[in-house]
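Two complexes are shown next, each including chain A; its partner changes from chain B in the first to chain C in the second.
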Partner chain A sequence: MTSIEAIGSRSRISATAAVRAYLVVCGIVLLLMMLLGLTMRLAQAQWIDVEPNLFYVIMTMHGAGMVGIAGLGGAAVMWHFVRRYIPVSTGIFIANLVFFLIGAVLILGAGFIGGFAGAWTFLYPLPDHSGGLWSANGAAAYMAGLLVIGVGFLLLHLDIARGIISVYGGLGSGLGVKQAFGFAPEKDGPPPAVAASTMAAISNIIGIVVGAVVLVLSLVNLYVPSFTFNTLVAKNLIYYFGHTFINVTIYMAVIAVYEILPVYTHRAWKTNRAFYLAWVLSTLMVLTVYPHHLLMDFAMPTWILVAGQIISWLSGLPVLLVTAFGTLTNVYRSGLKWDAAAGLVFIGVAGWAIGVIPAIADGTIPVNSVMHNTQWVPGHFHTYLLLGMMAMMLGFMTYLAGPKSPSRLAPLGVWLYLIGGTIFVLAFLAAGSASVPRRYAVHLPAWLPYDRAGSIGASLVVAGALILIVRFLVSLRSPIDATP
Partner chain B sequence: MTRGLVLVVWGILWLVRTPLESDMALHMTVQLPLLIGIGYMLATFLRPHEPRWFARADWFGIPGLLLVVFATSFWMLPRMLDLALSDPWIDLIKFASLPLLAGLPLGLSWSRMPGLGRAFLWANFIPKLAAIGGLYLAAPTRLCAYYRLDQQTTAGAALIAVAVALGLSWSAVLFIGSPPFWSKGGENAVERMRGAASGGP
Partner chain C sequence: MIQDVVWDISIALMGSLAAVFAGVAAGAEVPLTNYGPAIASAYRLRIWLFALAIVVLVGVNYRALGALPYIANPAEQSGLAMKRADATGQQWSWTVQPNSFVVGQTVEFYVTSKDVNHGFGLYDPHMHLVAQTQAMPGFTNVLRYTFAQPGTYQVLCLEYCGLGHHIMNTQINVAAR
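Entry: the complex of A and B
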């Protein structure tokens, strides 16, 4: 046992068991949230009847739940691999899961008992203007739930930052800044998992504390409505937190690509100056790209919107390019024997790369002014979250389940997920290009073909995910040591 | 000598309390932190004489730092700022309690708290300072009877500025290198972990 493993194994619960616990929660919540999503699409397709008030509750819970589970799944991937290189605390990792579950109960209670339906972005001052649909307590439970979840993630990222600093001396060294700018040899640079975890820690620590500020101010406003604050500042703070958090889930999950593909190809993931420079640039841009959510806010200073557009075009590209290129060179003529895990992480890179294209289109001000409130937007973010981030997370789950788990159905699960996911996101994008608005509970007859195609795609995705998740749950019967 | 200097600064602060308390921003961002700083300096003199049972009772520094949180929160209440202005005896209590119940326990307990706990406190303190600044900026009415609305706005902006400065400084320190308060024997840890990592999985 290395000293790193010794430090990480002080907790009574083993690290692998803790990762398994994360993935069990991720798998179950992911399925439930997918069913909520399917319910919305079926309702829009007019194949089932859902009251509009309930639709918006479901939409809020689906959004918050999916963002949360993406964060939790990304954290599981990141923590599992980064602990090979730095000392981390299993206790803190478990504490994050406990905070998450407490927060999830508060959020679900806020929605399904309190009726909170203000969307996962809780845009100020909407929580205080419910039109009688929810109480102040309902909105407060939702925001308290987010705060509790934020505490857990803050602890987790601080612990990882502590581990990185204890080994590499500073977060800059953990990110590979010296290698990026030629001040140190490439061979001495941090492993990809450490560089990605450093980026995630920097971005999420800042994003979470900014989110905490606006949540506290919104909570005060709920109970003292005479206290108001600048709505545009509030929107900036909310999207700074919200965009950063959801964006970082991809950068945490991509560690699965760096660590799992080389196991199959028997080729180490090569890092070089371009790789480190890409991570440095993406860190800076993830922290500054959020104004593309405010392109329709005419009161925003023009220079911020222009910067938001330009950074939006560039933000994901550096890491995406080095990762996509690295994936292709790692796989090319490697003799890789494809299975469900390798296939899913490969699909994840492709989904991420493809999803960036409609995102760049929406990040352009003239396009954004006509597309932002259409289904184009759920189209682009479902592409890189469903077919990108979640595919990587499911790939990790399948990889951990190991070859001993029932594997005959796994390829079927992957194909259902891929085909269903493609139909699902294309239905959104096509509807968006036809100006079908997003966040509408009731749709016009002309929009129904898109909704029905989307519903069929969503059903296939749920079936595929169900197969992969059940396969993982079945694998839990095997001893922990048997897992990779 | 240095101990005497701390006491002299304490006395000077009492003498210049009127100009410092005449402005809400100066009161909150200069006088209160200086009083806490006096207590923090006192801790460096008292630490060698600290009874062992006291250090053991201050488990991971949690009781001491909780005392700091309560004492500082108490003196951040607008009503308490008002009382300190209107009654010299209350002001005297402030001059005694902030060094002894906030600065002193901060100096004694901070080093006992694990690095993760200290980082968590920083990460909470900085945004909460900004949030309080935001509350002062946005409050529709005067929160203190003795300060004008424009002074309250200036205080809010000053608190946000302090939060931003602290946040940038903390980020820079973490990004560039391991500060002494983050981990004891940091360099040894680097060598140990690098050695383990190179021979590890």
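Entry: the complex of A and C
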């Protein structure tokens, strides 16, 4: 028995229970946040009445909540699988969940009690300019909540980085840098879960620290308005943190694909030089691609914006030519028997890869000039987050629920999720191409058909997610040992 | 319209990719006995796909980077004859002076904000977004645009700025020659 296995044996029950606790929180919060999203689409469709001030509170909570549980869900997937290869602390894993819940209470209080509606991106100096909608304390509670959540994730990634270094000798080895550049045999490279976890640790440790800097600066500005700082620098810091954090959620969740699909296809995931090179390049690009959020900030140095466009295009290659291609070759005529779990992780890769296309389009400067901050943007990010990342997480959840739980409704849940999600994202993309702005509480009559199609799609998604999540919650009645 | 081209290409590529995933999923339950040659040809295909992707990437980026909206030298510095308009955002209204132009006139909008981040989004008379830049406190972004048709253009806010974000708009009148 290796030391890693020994650690795993000692903490197996509590570790599995901890992963279940993560997924319970993810499932419940995901449903609540989906209902908030549906509420916004119904309000824009003028099928229900929602006052603009409440709409923007809901929008802020939806954004923060979804980003938060994307992180939490990705962390659950990553931690569940990576602990097969490295020693990790269950205590720190649980601490991250506790930090998350404390932060979530602060954020929900900031929104629904304090009225904070500064959008999840808290773009400085908006938190201090509420127009009477929220108090400084409300804004502070929101930002303190983000800070607390960030502390939890920082601890988790540091612990995983420690585990990787203890086994592989360094983060470069954990990422497979030597294999990527031909300095070591491919067969000696780290397993996919370790490479992905290394990438997540490197990216998020840097991103969270950057986010903490701008959050603290903004907090000081709230209570000492005479303390101001450069709005463009603040925007850079916020998008650096925000882009990195949400992007990494996908790279954590994709571990579910690497680990679950081979169980069905009976084909090991092929880790060759291209695979490691893709992860090395993805790490570099996740850390440098954020300027594509600032393409309409003409005050930025032009070379940074040009780099942002080029890196946006390049960052699509590893996704399409390595992960999507690897998934297709792994599944191709493998003889697997489809079920809800396999279907969801497969859909997750498809959603991620397909979402890359409209994202790259938006990262092209002349296109961005006429599509930035239209509904094209939620269109593309919901494609790779709702149909991509979240589908992977729901697939993981369904996989953990195991075959013993009631599964007759699960395929229905998957189809509702897929069909509804497709309608939902296409409605956003079509509206974006028709120049409908994003983040508007009230829409013009000409925009209503898009909103109504989107509302129908969102309703189906909620129904599908409800089935899958309830199935998971019901499965919790079975003993922990029954789970995969 | 750029948006129409982007929509058409995106939907075609997204649909093609979805079809590939659907095709592989549909045939997955029928096992292939001799997987080796199939995987070998798939990896050869990937090399060609990589080459194609690089060609498209270089070609599109070369073209796109030749049409940047950033103004290195505004007319006032370079001596060009262009109309200047000052556009200032403030929760939740725009001030654009002057706000009347004629078709064919090239205007440089000097865009800034007095309070928070706003987005200066210029919509044509058919409510198509034709140009935009961010309006930021402490910075002035110069947006150059040539009016192509007569009518009432609208300036909408395209960066979330609080409760009145959706009502923050103003009109620009463009007369025929």
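A few remarks follow.
Everything below uses one rule, namely that the second predicted complex is superposed on the first by the 471 of 484 C-alpha atoms of A that agree within 3 Å, B and C clash if a C-alpha of one lies under 4 Å from a C-alpha of the other, contacts with A are read in each partner's own complex, and residues count from 1 in each chain.
Definition applied: contacts are C-beta pairs under 8 Å (C-beta built on N, C-alpha and C of every residue); 3 or more make two chains touch, one makes a residue touch a chain.
Predicted model only: the values in this text are computed from it and were never measured.
Following the overlay on chain A, a side-by-side fit with no clash is recorded for the pair chain B and chain C. In the superposition on chain A, A:Ser433 makes contact with chain C only, not with chain B.
Within the superposed three-chain model, A:Ala212 lies in touch with chain B and out of touch with chain C [touch as defined at top].
In the superposition on chain A, contact is made by A:Asn230 with both chain B and chain C. Judged by the touch definition given at the top, the superposed model places A:Trp338 against chain C, while chain B stays out of reach. Within the superposed three-chain model, A:Arg477 lies out of touch with both chain B and chain C [touch as defined at top].
Taking chain B and chain C in turn and counting the residues of chain A each one touches, the greater count comes from C. After the superposition on chain A, the angle chain B-chain A-chain C between C-alpha centres rounds to 100°, nearest 10.
Within the superposed three-chain model, A:Lys187 lies out of touch with both chain B and chain C [touch as defined at top]. Annotation: superposed on chain A, chain B and chain C show a minimal Cα-Cα gap of 14 Å. Put simply, chain A uses residues 230 to touch chain B in one complex and chain C in the other. The touching residues of chain C, when paired with chain A in their complex, are 1-4, 6-7, 9-11, 13-14, 17-18, 20-21, 24-25, 27-32, 35, 38-39, 42, 46, 49-50, 53, 57, 60-61, 64-65, 67-72, 91-92, 115-117, 119, 121, 123, 127-134, 136-143, 156-167. Taken in their complex, chain A has these residues touching chain B: 2-5, 84-87, 89, 92, 154-155, 158-159, 161-162, 165-172, 202, 205-206, 208-210, 212-213, 216-217, 220, 226-230. Those residues of chain A that touch chain C in the shared complex are 52-53, 56, 117-119, 123, 125-126, 129-133, 230-232, 235, 265, 267, 296-299, 302, 305-306, 309-310, 313-314, 317, 320-321, 324-325, 328-329, 331-338, 343, 346, 349-350, 353-354, 357-358, 361, 364-367, 369-374, 429-430, 432-435, 437, 439-442, 444, 446. Looking at the complex, you find that chain B touches chain A at residues 115-116, 119-120, 123-124, 126-128, 130-131, 134-135, 137-140, 167, 171, 174-178, 182-183, 186, 189-190, 192-194, 196-197, 199-201.
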